[in-house]
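Note sheet for the following structure.
Residue numbering begins at 1 within each chain, and the chains themselves are lettered A, B, C, D and E in the order written.
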Amino acid sequence: MSIQTRTPDELGQDYLEIRGLTVDFDGFKAVKGVDLTLLQGRLHFLIGPNGAGKTTVVDAVTGLVRGTGLASYRNQDLLTMRSHQIVRAGIGRTFQTATVFEELSVLQNLDIAGGVHRRAWGMVLARRGVPAYVEHALEAIGLTELRDKPAGTLAHGQKQWLEIGMLLVQDAKVMLLDEPVAGMSAEEREETGELLRRIGQERTIVVIEHDMDFVRNYADVVTVMHTGTVLAEGSVAEIQANPQVQEVYLGRQVEAAATTEVEEGDHA
Amino acid sequence: MLELRGVTAGYGRTKVLHDVSIQVDDGGAVAAMGHNGAGKTTLLRVAVGLLPVMRGQVLLDGEDVTRLRPSARVRRGLGYVPQGQLSFPQMTTLENLHLVTTDRAAIDEVLDTFPALRGLLSRRAGLLSGGQRQQLSIARTLLTRPRMLILDEPTEGIQPNVVAEIEAVITELTRRGDLSVLLVEQHVGFALRATQSYYVIESGRITSHGVGGPGAVDDVRAAMAV
Amino acid sequence: MNPRLTALVRGAAPLIAIAALAVLLLVVAPATLSSFRLNNLGKYICWAIAAVGIGLAWGRGGMLVMGQGVFFGLGGYAMAMHLKLEAAGPEGIPDFMTLYGNGTMPGFWEPFRSGAFTLVAILVLPAVAATILGWAIFKRRVKGAYFAILTQALAVVFATLLIATIQETGGFNGLNQFTSFFGYNLYDPVNKRMVYSIAAGLLIACLLVVWQLYRSRFGELLVATRDAEERVRFLGHDPANIKLVAFVVAAMMASVGGAMFAPIAGIISPSDVDATASIFLIAGVALGGRALLLGPALGALTVGYGRTTLSETFPTQWTYFLGLLFVVVILLLPRGVGDLPRTLRSALKRSTA
Amino acid sequence: GGAKSGEEGAAGESCVDTSGDTVKLGFLNSTSGAMSISEQTVRDSLSLAMKEINADGGIMGKQIEAVVEDGASDPAIFAEKIEKLLTGDCVAAVFGGWTSASRKAMLPVVEANNGLLFYPVQYEGLEASENIYYTGATTNQQIIPAMDFLASEGTKTLFLAGSDYVFPRTANKIIKQYAAELGIEIVGEEYVPLDDDDWTTQVAKIVKAKPDFVFNTINGSSNVGFIKAYYEQGLGADTSPIISVSIAEEEAPAMGHSVTGQYAAWNYFQSVDTPTNAAFIKAFQDEYGASRPTSDPMEAAYTSLYLYKAIVEKAESFDVDDVNAASDGVSFDAPEGTVTIDGENHHIAKTALIGKINDDNQFDVVWSSETPIEPDPFLEGYSWWDPTAE
Amino acid sequence: MDAFTTPLLAGTATGALLLIAALGLTLTFGQMGVINMAHGEFLMIGAYTAFVTQQVVTNADVSILLALPLAFVVAGMFGLLLEVAVISWMYRRPLDTLLVTVGVSLVLQQLAKDIFGAQGDPVVGPSWLAGNIGVFGYNWPYRQMFTIVLALAALGGLAALLKYTPFGRQIRATVQNRDLAETMGVSTRVVDRITFFVGSGLAGVGGVAVSLIGGTNPNLGRGYIISAFLVVVAGGLGQLKGTVIAAFAVGIATAYFADWTSASMAQVATFALVVLFLQLRPQGLFTIRTRGLV
């Protein structure tokens, strides 16, 4: 792939750069000096054992926990900004346990997600019709039929789609997705993967995931974290072949199963 | 062991399950599969007693427990691992386990299954990572020494090598014959390996039912594609 | 029916309801009620104005404002100070200052001689107070029960402060003996009617304001903030600001209600603004339906009317009624009586389904 | 009815109708809320007086018909209810009120409608309305005599303890000025909110100040906390005795500690030894039970109804202006002794008494002004009084 | 010296009272998420229990000792009744419990008024509490020392219950996740009721202590409930340690303010202090942070 050979600067300003990110919880360092460069147009996957610090990295970048080091996007240092400012800077995220506004309808959820780009005065005006970008997002996430249902009544997986839809409406340039396909069936994973691929063209997307099949099918770049540090980075094949990664994360069974057909069909 | 007879249930006015019947034999292991929003979690919540039925019955050991509260069902041998990595966030990992039992040996045994938890015993559960919490959730339920174990997507958010470990534990426990299992799982391969029969549930109705095992993967996939 | 027509009717329904209420309060009531009863209705309207604000803050915003009496009091006392000075004449000072004090007037009274200043103060004072307090509370993410308790404590403290400052505010006795209202003799029934009409008009105006807020995106965002405050941050909004706006608007409405209460009741005293009075305001909102448009106002009118009539018929039983009202309504009808039709309709549907 | 001054012309058109053989009177007391117990006693004695008067042929031959209302211990409700009584029920006069706040709230209403209010409780003075008759003591009939008593006892130092409320604040302002005149030193002044019972820290200050006397203007139940803290910290009637203006027969046994030897200033005690009082006590206890004590406000309320009857019968009219014109000099042989109305300020001349509490929680009169004191609500006859002084 | 020590000692006793009131609240509010505005009325019920006990057993020296356990049980039973009749229906609506219990508190106050009358019914203190001990010029009443001892005893008992018994863990589990606790075999219904009984019972005990200060009147609880809530808020939700420190801090601060200014201004100043404090530590003295969006 050609983009991989270009340096970030050649791509203009659109990349998220993390340098020496450290998060300290009263003495326990959950993240220790992580360096990541996340480029536009690539599906970037973040994997690693439970408790490796993946979510914490995202938390730090989105202002939910305090981190030290550098996280810059378009020349702004995210670590010094507050959550809502970070969102306004174009960085959106989803949560490991889906959180949507339960009493509002799907449509309203999407609509208020677009509020960042409205003027304050526009806030006191009523909504007239459905804005085109909301329609698009609805279609993209396949919830058009459920648009008037309260979001609280959606199933787990549907809520996750809705969250992605809200990021689309927000027009987030960087999307940090924490286990977006957890609990989805194989086909749904596929749909989600395709969706991410489609919208990933002009965005920077980071996905945290444990489902190796999903990673195999959609990852452009994989970063493996372990005990707060980056253990390895590379293509899926490289990662799977890495003995350290096998040891702490994939396990021997997967290694063995990777060769059998049954396992391949597991999530397909 | 566990039987749901003609259960209709839902939230408020909306019905989610329509006349669903399933059965788990003594020592048997059954998988329930279906798409997002099909009603799998709802089914399990009815079985455990967190959601009242609108119609139908829930039987445990042949006895009608439809009106029993969850805690009473748990005392009769039901164990439940809910979806969503739930824990008691302000209690430490150890306290989470102590809620069930303070027996050292029993705790040691489950910690052998989930060694990652050992280093986290004094950390509050609310601070754990998602996968760590999910491991804690399974460990905590195993401590109740259930005869009937109900698992809602237990491997969600868990790293691959631990998933394998969980699979081994479930297989081991069912093989001994003193545990029945009802498993909701998206990983078809995993689900079928760990169980002997399956139900496919679509839009709150059972659409397919059959014998499990790795050979059934294609059948299930076909049933779910409908 | 044609779906667009249905949508149109549904959209206009709240306006029709507000218009009906306007006709009832501004035309029917003055024509049929005795001057005494009309004056009482005027008082209920003042409480209703405050209740409309509570509906916004609590019903939509989830902020249980248990101390609205404070803002009611700010408006009430601001107006009362002006009326007191009007009664005292251009150079005079309020009578109680010579009776209980040393016959000098505290400096902060002086600007209230001006009617224009007073009118501005009625809006600005509560806004400033609510902004400062809200800022301190919301920015530090104090919410839920913490917030409710702090606001109630505020009401207790405010009343204590008023009672303790006898020379400045009349203490426990409060302020009364107003003779005229911006030049209009308050003993004249025609002028009393005018004051009543102003209050009713203000109620309708407040209803229109919340109607617009409820249908606006701000209204949706407010509900979102109520249900998942932290999540709103990740929409790019600071929830503190959203809550602050609702809180300030509610405070201003309470203040307007208080300002009209003073001339209509002829008195404003600590017992009109303390914790009990604040809870009394909440009762109306809970009864009518906290999240509905007209619920809070109608609830407040009902509770006010109930207080007068019940205390006339069963003097000592009134407290039981108020207490049981809370228990029954909140327990069985958390969305208020105003929501009863919908509850019944859906229950009916379920039984036939 | 006639209009008052020109500017209020439109209002006050009376709707009172006394053409029938009854006359409607309003009884407005709090029967709910914090003040209800106190005000209920007033209501009881008003009812007793009404019953007696009706049995005796009524007022000018007309039977009294009482319209009762609850003030709910809330000034705004008092204002609302008195307006209802005057304009809705068209009563000829209203009897009631207790707190100064309730009276202040009723005052503009009763003036605007040119009605009549009879107010039965001792108060802080500095008021005189054409439309109100004050049948309790004003300050120069209670506070000032109490100070005279203290001076006669050789008091050199005095500590002031009161509720944070209009009456105590105003009373203490008067006390301080008169104390300066009498050469009594004020060694402390403490206030506690009305509904606060904990007097511990304030009493600690009394312990330190070691005053000859404590002047107590505390209202209601807060007295109990004060008395308990007072004895708890080793004070007593033999060291720093208390003189109270709100502890009467009803309250004395309810202090949680014996208050034998302490003093109170009133115009009436149950122990007053006159035939009228004996009859009053008997009538009251026959009606409400032998255990019920009688007290000053009850007696003042009872008296107020009889005074009203006397004025109306002198004026031969229920009309407010006629009543006001006739009121001066009307007197009544009340349980406390003979009382006479001052037509100028609508207060009544009363005899001041100081009682010392005995073991039966009755008051032994230890000092008396001997003759009724003319009411002087604005203290115009006291040269030391300067209302504008701090 | 005594200008300094008097408020300190008196304030400590006030703090002890606040602590007893707040302990019950942290249990029901902090541990169960129920904001019980009728808690103050349980104090009142405790005080009236002391009064009624004294009507039956007129010997004041004995009656107060009988009243303590009795008040615990009587107030506890009222709490239990409240739980069964009202609260148990609304565990998922914490703010609503606040309003419902406001209603309950109004009813209880009026009930007390109708039964006992609005004015105070006094409880006579036992002779073994009459008197004081001179400390730096302050005649420190035995009664205040007794209050402090009582508060510490209540604190010790409650702490032991929560920390060292399985029941304590069950209470905490129930408040943190009702459904999950239920599926771990915890009978949340039993837990709720016992918790409410104990929490309300503690208020009853506090009421006995309050009855020794002033009169026993229907509004007695109102004076303490707001301060007690402020203590719970400042101490941090469900935190015994924080509650203890906050109770004594509020008690002592109020005493100093009252000494310097007036009792009324002390209330105002204390409130301002708590709001300022929340600026520094919005979740109270001791907080338990969790991750995510909760």
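The rule is simple: a residue touches a chain if its C-beta (ideal position, glycine included) is under 8 Å from a C-beta of that chain, and two chains touch if they have at least 3 such contacts.
What you see is a predicted model; the values in this text were computed from it and never measured.
Participant: Show me the overlap between the contact partners of subunit A and those of subunit E.
Facilitator: Chains in contact with subunit A as well as subunit E: B, C.
Participant: Over the chains that touch one another, what is the least number of steps taking subunit B to subunit D?
Facilitator: When the steps are counted carefully, the minimum from subunit B to subunit D is 2.
Participant: Could you please state the distance in Å, as a whole number, between where the Cα atoms of subunit B are centred and where those of subunit C are centred?
Facilitator: Computed from C-alpha means, the inter-chain centre distance equals 52 Å.
Participant: State, to the nearest whole Å, the distance from the C-alpha centre of subunit A to the C-alpha centre of subunit D.
Facilitator: 77
Participant: As a quick test, compute the distance in whole Å between the mean CA positions of subunit A and subunit B.
Facilitator: 28
Participant: I'd like the Å distance between the centres of subunit C and subunit D, where a centre is the mean of that chain's Cα atoms.
Facilitator: Once rounded, the distance between the two centres reads 36 Å.
Participant: Two or more other chains touching the same residue: where does that happen in subunit B?
Facilitator: In subunit B, the residues touching two or more other chains are 127.
Participant: Give me the residue numbers in subunit D that touch at least two other chains, ranges are fine.
Facilitator: In subunit D, residues 32, 36, 164, 191, 193 touch at least two other chains, as defined above.
Participant: Where in subunit E do residues touch at least two different other chains?
Facilitator: 110, 262, 264, 267, 291-294
Participant: Hey, which residues of subunit E end up touching subunit B in the complex?
Facilitator: Going by the criterion above, the answer is residues 166, 169-170, 172-173, 176-177, 179-189, 238, 288-292, 294.
Participant: In their shared complex, at which residues does subunit D touch subunit C?
Facilitator: 7-8, 10-12, 31-32, 36, 68-70, 72-77, 79-80, 83-84, 87-88, 99-101, 104-105, 107-109, 112, 126-127, 164-166, 169-170, 173, 191, 193-194, 387-390
Participant: Residues of subunit B touching subunit E in their complex?
Facilitator: Spelled out, the residues of subunit B in touch with subunit E are 48-50, 69-72, 74-75, 80, 82, 86-91, 95, 98-100, 102, 124, 126-127, 140-141, 144.
Participant: What part of subunit C is in contact with subunit E in the complex they form?
Facilitator: Going by the criterion above, the answer is residues 62, 64, 133, 136-137, 140-142, 144-146, 148-150, 152-154, 156-157, 160-161, 163-164, 228, 230-231, 275, 279, 282, 286, 316, 319-320, 322-327, 330-331, 334.
Participant: Could you please specify the touching residues of subunit B with respect to subunit A in the complex?
Facilitator: 11, 14, 33-38, 41, 83-85, 116, 120, 127-132, 134-135, 153, 156-164, 186-190, 214, 217, 221, 224-225
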